[in-house]
Amino acid sequence: MSAGFIQYLPYIVEGAYWTFALVCGGLALGFLIGLPIAVGQVYGGKTVRTILNVYVWFFRGVPLIVLLFLFFWGIFPAIGLKLSALTTSIIVLGFRSGAYQSQIFRGAIESVGEGQVVAAKSIGMSELQSIIHVVLPQALRIAIPSWTNEYAILLKDSAICFTLGVMEILTRTKYVTVSTGIYFLPYVFAGILYIILTYAGTKVFNIVYEKLRIPGFIEGEM
Amino acid sequence: MDSDIVLKAENLHKSYGKVEVLKGVSLEIRRGETKVIMGPSGAGKSTLLRCLNLLTKPDKGRVWLENVELTNPKVNINKMRVKIGFVFQEFNLFHHLTALENVMIGLTKVKKIPKKEALRKAKETLLAVHITEDLWDKYPAQLSGGQKQRAAIARALAMDPVVMLYDEPTSALDPQLVGEVLQVIKELARKGVTSLIVTHEVDFALEIADEIMFMYDGRIVEKGPPGEVIFNPKHEVTRKFFEKISKLYGVGKYGVLGRISPSII
Amino acid sequence: MVFWEEFLPALFSGIVATLKLLAVAMPASVVLGVLLGTVRVYGGKIVKTIAAAVVVVFRGFPLTVTLLILFFGLADFHIYLTPYWAAVLGFTLCGGSYQSEYIRGAIRSIDEGQSVAAKALGMSKTQEIIYIILPQALRRALPGISNELIYMVKYSSLAFIIGVPEMFSIAKTFNSQWFMPIEVFSILAIVYLAMTTIVTLGFRLLEDKLKIPSTT
């Protein structure tokens, strides 16, 4: 087995830019969708909750690859949107991550003790104000560890986007294997690359978590 | 070794890090005897008991069960432990098994007794500790503290051990439940079950013990018949210990001493 | 109407293929998970390191990469797995590694007293693990395990990248011939939703059945 593929390694590593685009885009969109959903599921009325529950059930229950194909080949063209594979992937990842993140935030919001809200109201805050100024700051901190996990999941799921041809790490690895005829080492290299990126990202989140930590506050305990 | 001696320990030492908990303890107990170990917290009583069935490995010293040296690494300690019944302060009933299953599991899995016979033996033993049929299918989480501890005694007893070791069996129980457990231990002792009990229950010791061993700071300071050790001790520390009890708790059945709570000492 | 007449039977064969995959991979992954989790708590240094390495690799590699390595990569060494077996192996390794973390955590959460009591009865370490620790740990790990198995139902769709004729690959092939993506992939989505919902409910029932009764 010749090691002729080594010259292609930088080409594979370059894919990290697209991978990050997918991951960061997906996480960010997921956050913008997930947090409101969580608030709606905790504080909303019955109709609102039902609609949101259906959204969550759908985007968590359907496999990512089915969603990608459904939107890229089906829904977006049908409504006249001509979006690139990258953009579609980010949107689908975002919709899906939003569903998962909503459950993270919901759990975090629910674990902020009732006493906090009551205290906020007793000094005259409205429900909305108590949510924004008292509940969310605590809930978001509680959610960080689970959110870090979501990053790790999203990073691995981004590899699935190779099926739409997005030029991220796995797509490039596949091209390299096909053109060099060497399969094992390039794929292992890609795998290790994903592990490094997961580790690095998790470390960053942990540093942020430590920085934001409220001294003496044990998450979820009252 | 004298064939009547069931359990014997010689010069046991045990340290945890820099702290020496057992400083050379020796004891022996004969068939049918009931001996009680008493002393302040931290004296090493629990550690001593756990060294006797090698749940805790002593740093120095030897232990014999009947004629077999337990501290000999060549000995199959699991087989030997079958012959020693151990009752824990925190009961340690197996959470995922009913009371009946708790008593049976040692019989079926360790002693490899056929299920039918194990079932019979288990039921017999449970009745002997006054656990009635309606409780047999209950899980530990559904039992009271006293019921749990009696079930734990049954679990150990069903194995037909040659000696029963009780490590502060009532210390974790609410006061009103202590009596039912002590009653069971007393009945077993009177039936001839060789028993070594670590406890703070002085009235109980006076009633049932052939000998009391008083432990202080990792050593057995003195031992003798209960009446002597409690009312007429030879050593200052012993006297101080039992005096404190009478001062704190007042007059009991025997005119001087009552039951004490471990945390006070 | 001809579309439906052709699509539904084809989809059905895809469903069967998916189920065949899951029928082996699901139990196998649980077994592997229990093995890895137990070994990582009780094993000697060498075994612990090997198990830890397995878990790090197969949790760290995306499932897609694992599948491609097993099917295409091993061929470099003249090991030729069929698509089916490469997929089963891939799901087992990946799912099992994730599950081992739940099981490991569950084992460590069992209070020490259970272990000491087992020893006092004369049980060997093996007996203690099998009769006392694992029955309790598996109950505690059940929510995590069922979560991973539900993921497996969804990620089974990835088996298509190594040529397994399961549900997704059938749908994809159909779509490339008939160009009806919305119908094809919507139906597919509904089938997956039905499967995951059934499995979720199934596990909830199982959890209730295995619960240890208490007075609370």
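A, B and C are the chain letters, set down in written order, and residue numbers restart from 1 in every chain.
Note that contacts are C-beta pairs under 8 Å (C-beta built on N, C-alpha and C of every residue); 3 or more make two chains touch, one makes a residue touch a chain.
Owing to the predicted nature of the structure, the values given are computational and were not obtained by experimental measurement.
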**Asked** How many links in the shortest chain of touching chains run from subunit A to subunit B?
**Response** 2
**Complete:** Chain with Cα centroid nearest the overall Cα mean is chain C
**Asked** Considering A-C alongside B-C, which chain pair is linked by more C-beta pairs in contact?
**Response** A-C
**Chain separated most widely from subunit B, comparing mean CA positions** = A
**Fill in**
For the pair subunit A and subunit B, the C-alpha centroid-to-centroid distance in angstrom is 57
**Request:** Mind checking the centre-to-centre distance between subunit B and subunit C? Centres are C-alpha means, answer in whole Å.
**Result:** 47
**Cα-centroid distance, subunit A relative to subunit C, in whole angstrom** = 22
**Request:** Using the touch definition up top, name the residues of subunit A that touch subunit C in the complex.
**Result:** 1, 57-58, 61-67, 69-70, 73-75, 77-78, 155-157, 159-160, 162-163, 170, 173-174, 177, 182-185, 187-188, 190-191, 194-195, 198
**In the complex, subunit C residues that touch subunit B** = 113-114, 116-124, 127, 131-132, 135-136, 139, 212-216
**Prompt:** Inside the complex, what are the residues of subunit B that reach subunit C?
**Reply:** 53, 55, 78-82, 84, 86, 88, 90-96, 105-106, 109-110, 138-139, 141-142, 152, 155-156, 159
**Request:** Give every residue of subunit C touching subunit A within the complex, in rising order.
**Result:** 56-57, 60-66, 68-69, 72-77, 154-158, 160-161, 168, 171-172, 175, 181-182, 184-186, 188-189, 192-193, 196-197
